[in-house]
């Protein structure tokens, strides 16, 4: 199969020029000002941007949490992603109670066998137990399977939280295997105390979710992870940075040129803590962790993205339906499943409010959504850029088309959208994965199984 | 009893003038340019400094550690202190395994009953267990007994280390009772891993004590304590800050005007990590915690003292004899009792190398050794200054007399001195506690029992 | 003459105790818990604070500016000061066009001969010309006359501004003579451009005074002075710091332990730029330099005062009457004489809003208003504290008496008050200078000439 | 003419892949994995890097200074550049005494007419006089001529230094015309005083060049320029940053996201102040401005390059022959012409010591030497990258070939080399400008006139 994309404005992390792209098989084979080639399919991209397919390194498809399971499987979740211009996700494979690490990976491979993805999928390995079933030896073997990042939770005490001994030992393993360590950084012990105290005082509404996880708990844990990783000699990636308190230790690490970096997620740039206070039980829609923060943090996050303190924007897509799932916590905020949707909205939101409103350049947008995640997670240069030889993961993006974001039109199984009613200008029009057209004219044209598991290189390798 | 100190250069944290001091009973009753009073005892202080008695807020007399007990009891230890110009210590009452908090305090009161002190003595309460025997209720009552500071160990895993839940809960109690929280800040979990790994690799010499507790472990824990205390609303005092990594989070707290402060100890200003490498088993003398650090930290500490980032110099006097005690760790550095002497040397060392060498002023010396500890620990204005109505705890200090510091002449029971052979100019000549002469002409003239337990006010109160 | 002040709460920069003070002649001779002495005058200070007389190191009495002269001479100005609890001022002796430096000093000595002060008066030497009449030799001699600080203006181009060559050469002289360099820090060149551009555009109202001297011009000049003084080896004191932009370089200097410090003035803590916009020509009352700033700077200034980044609060008292003086600039803001009153209000304002509202402690207030200025300007320990042998410059302060600040009751010649109508609790009741009662029961009881010229020691000397 | 470059490892600021590049006329028309095209010339690049031609935004060809003229004209200087892999320079057109700005530009155009370049050449306009001949109107017109950057000297008092009024007014013009302001940042006034004082004391050797221009003078001026540019609203580019003191204010600007950036030059990464002390008059070879600095600054500069605080590496190529030119200052360091060579050595030095020694990545090298200068100076995307439609300015670089840098083999007219004897691995092999081969097999194959004047876009435009 061959595809010719004609006359688009090709934008990478560094470049911005008009040209034609010729795809043979799965990869880009030719880039020219005006290509005189014969292609089985020709896409007219004039007046459009052509950008590398976006990569979302932080999703939770079919993820068990608090007695329920996130409501997108790898089929529905990746269809939603594809519509949003995302052609690769890296999902968190979670070691569950009683599982060895290979068993955990096995479980996740089964998920994508059962509910086949339409985009490419990689796995991080989230370690929750090294005492009973998990072993350092098994951990060390994961990179050989193309799973080159370890995730640890510093919160959710009594559930998936690890203690600092486990955290540090995993970092030591990572420093030897070349894996990247990822942390959910919150100070689990104090949060656990605060949550119990709040409930004991009858504070049960969604807003107490934020009040019992104040920004300082995220700042503390972020600094702790940065310090321990540096001690262990491991590279570190802090997920879902939400506030100035957590930006600061990462900024210090960047300035010291330590190997520690951070991502934020779309929602932290737009949703603030006041959303949790919405009438009825509406606030539960915004119960994810870290929680929405005081509004001034949004400017701190944009600033950190533009000055290079933060390196990636992901989604932490972890959807729970309002009806039947979020409502589990109707009488107790601590029982609301933590997580929100967003895998489909990222590119449109960041383009509209980041690029169009002058906060970041187009090149920087591509870097944050595609090139940087590709580099951090061992997918570059196969993915994350537009260059000859790279996978033809491409998004033809119409910068002028308008759209209203809504749960009525999105493709996830979830019954609400964090950005409901937001009007944006600029939408993904045609999306290709390794040369296959996934989405065209607003229609899904690929079938489940178009995507496959991607083995990822070790940190810093290609 | 009345005493007249004539013609001294009176130095407080703020003032510096020549005058006479008249003491009636236990307190200063009169200060004048030239007092025309009749006194039972007259001390000629011309050519001398008269400074408030020094306060050492960090000592461990008769302290159990690793199967042995520190070699000074409250009699020998306070005699040593008195010779060094220190008239009050605040010692750490340690809750031992199986003890309730009141029992721990009881044990410490018995110690000073049995081995009566010659100077005044207060207690901090070191909490090691809140699961079995310790209760938050008992903790809350300690301030009513004049014990207004809680100490927690963030290291010594498997022994006296507390987890972050206990740390945070104690901070919450402190925020309500008005107590000051003190922390030994090291990241116990990673140190425990590193120590075991070192021993497993046959690394048993004293120098591995430092290598397995690198500065970053102190920096991490210091920041954690600062953040958690701020979250809990408790004032925090970080003991024995030894390195830049730990100075930095305190500097950030000072700049933000948070209620967090730190002390360093004499030894960190003079002893560096190379001492641990001394031939034979000599290095064991310098096995205390935090360990001696790379030499450049000494300038960072002096700088922090002079710019107000650090607030106090204490001694962490915790003496173990070389013969028979330190030698317990001959084949395993982790078995060397952690601690060193110094209660007698602080004033002479700081005067000589701090004031005489131009690093700090005389006023700042008095502030660091007397006024600031008095303020932090609820002893001010009773102690820590020279003012009418204050306790007549006074040191007549000869700034010109020379002395060679040595274990042969010091008054502690310990058989070595950290500063052996150091020549200093400036020595305490006459030392008074509440109007009683303790030391005069190099002789002890007080008897055990001259000192007594001091009830201390809550933090920020008088 | 002897005076006994009985039972006051004596507060210095470090101490706080109750006692009696006995004054013989000009100095304090005795401090005691309860003095049994016979005095010619006894003042009952029970329930009162007794603090050292305040020192205002920044006043402009009878100061020529823009064709007019500030409206207080040394008699009216010092009477106003005395009522406010200030017992010493250091005024700026300004070298005027065509004058040598000795002639400038001569002129200022004549002023205090003609209009004798009721409080003590020292001079800074403000150098405006080193090309024509001023010489480095004359400059070097000033400290021998007790004038131990040099002032330079980095703004007021075309009038008293010096260029950087002069600034640097004066700093070099200071590094040799032991004088302290003081700067009015604003970037004169850009301000001159902005003022001319504003006037050319018909912008003539008072608010343009602030708009043409934005905070960044103060920040730039402050940094420049700090750097040049460090290069020259001279100690530096930046006057009237008004904004975060100027605080920052001083904070960096403090952190680096460079010999550079800064003061702010009362008005910057209370008056913000919106005052300039008051209807009619009312805004002209607030035309002083630096101008009132955006309100958020007030919190930055309080923070800098409480963390030690700023060291002194002065008044920059430079009064021009609204009628007839300020009105000179009715049609052109650049013709409004720059300056405002305040020598009488400082202590009351800082006590009420600083101490009573919890921003600083009583000790810190005494340090900022008395002890620190005494130390910086070579008056300590003669002044700036309460100690035997020190000048009996004392304020008996009633912390509970209420007062409404107003031009109707103040004692300066000026016809308005910056804090008109402000209600404060806490007023100076009795004020003594070297043992003489100046103010008592709201009445002036001293006569002009009670005060005299004070020779000051070199920086860091006594 | 058409050229095919086959099988090279193509490296841009963001990408790194293997492919073929096809050039038709002056630009790249096709990039493919394996191109099946017919070309007039085929270059085998297998085993080689292909990078965009380097851009040197800081050269001084045929530049008058202190009575002499730099020894490379635009022919010899650009031949030297071409051999070093540089295909575009932006040279400083200097307004000389008595010249209007258009006359200055005219003079520079004549230089490249007379001594035609082999690479492309742009001009910055260095303004030295706005009082007599220079006008703001003429300044505003320069961008229309493709001269879109203004340079100002804050040092060289009495010669080309401008005062702050001129500096600020030029910045105001730049904020309106869209030009970029460039500054040589040193505090000219204090340097002038120090130089005169040194000479008066008989200090005449080359080392006094550094001693009279200490780092703090560069730091001060850098901060001043940053502040004034921000006030004026103009973008700022600080040339030849040499030390931590100047890095710091740029780091603060980057963190605040102000429009201020800085470059360093090759020599500051390798030559330290000790070179000035070399025996004989050898030190004169290293007399350029800012002078070589204490060695620790080299690590600060590498750190700033790797963390993004500094944005470009240029050469400040300003060659004066040792014999006959440098020797003018044999008896007076202030008469040594300021400047050194280096236009030919930059890429080899940075590749060897930056990339090979692990300080920066290959991508970052390309960004620092080509992409970033192209963006800052209005040449991007025409130059500074490898993309279809861009100028075919390309360097085929052999990363494994070894070479010893030496004046014997370099192509500048100068008789010494700053890096004499340095062995590097990695040399430019073939160099193309707009599709023309300039250098091949170590031979110049282009003739003068191959290069031409480039009109540059305004800052931020394309």
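Residue numbering begins at 1 within each chain, and the chains themselves are lettered A, B, C and D in the order written.
Following the convention adopted for this analysis, a residue touches a chain if its C-beta (ideal position, glycine included) is under 8 Å from a C-beta of that chain, and two chains touch if they have at least 3 such contacts.
Note that the structure is a prediction, hence the values are computed from the model and not measured.
Visitor: Measuring between Cα centroids, which chain is at the maximum distance from subunit A?
Guide: Checked the centroid distances; the maximum from subunit A is C.
Visitor: Approximately how many whole Å separate the CA-defined centres of subunit C and subunit D?
Guide: Inter-chain centre distance comes to 50 Å.
Visitor: Counting only Cα atoms for the centres, state how far subunit B is from subunit D in Å.
Guide: The answer is 58 Å.
Visitor: So, what's the distance in Å between the C-alpha centres of subunit C and subunit B?
Guide: Computed from C-alpha means, the inter-chain centre distance equals 41 Å.
Visitor: Return the residues of subunit B touching two or more other chains; collapse runs of consecutive numbers into ranges.
Guide: Subunit B, residues with two or more chain partners: not present.
Visitor: In graph terms, with chains as vertices and touches as edges, which category applies: line, ring, star, complete, or other?
Guide: ring
Visitor: Along subunit D, where are the residues that touch subunit A in the complex?
Guide: The touching residues are 10, 12-19, 22, 27, 29-35, 251, 254-255, 257, 303, 306-308, 367, 371, 381, 385, 387-390.
Visitor: Contact residues on subunit B for subunit A in the complex?
Guide: Per the stated touch rule, the residues are 163-165, 167-169, 172, 187, 189-190, 192-193, 214, 216-217, 219-220, 223-224, 227-228, 230-232.
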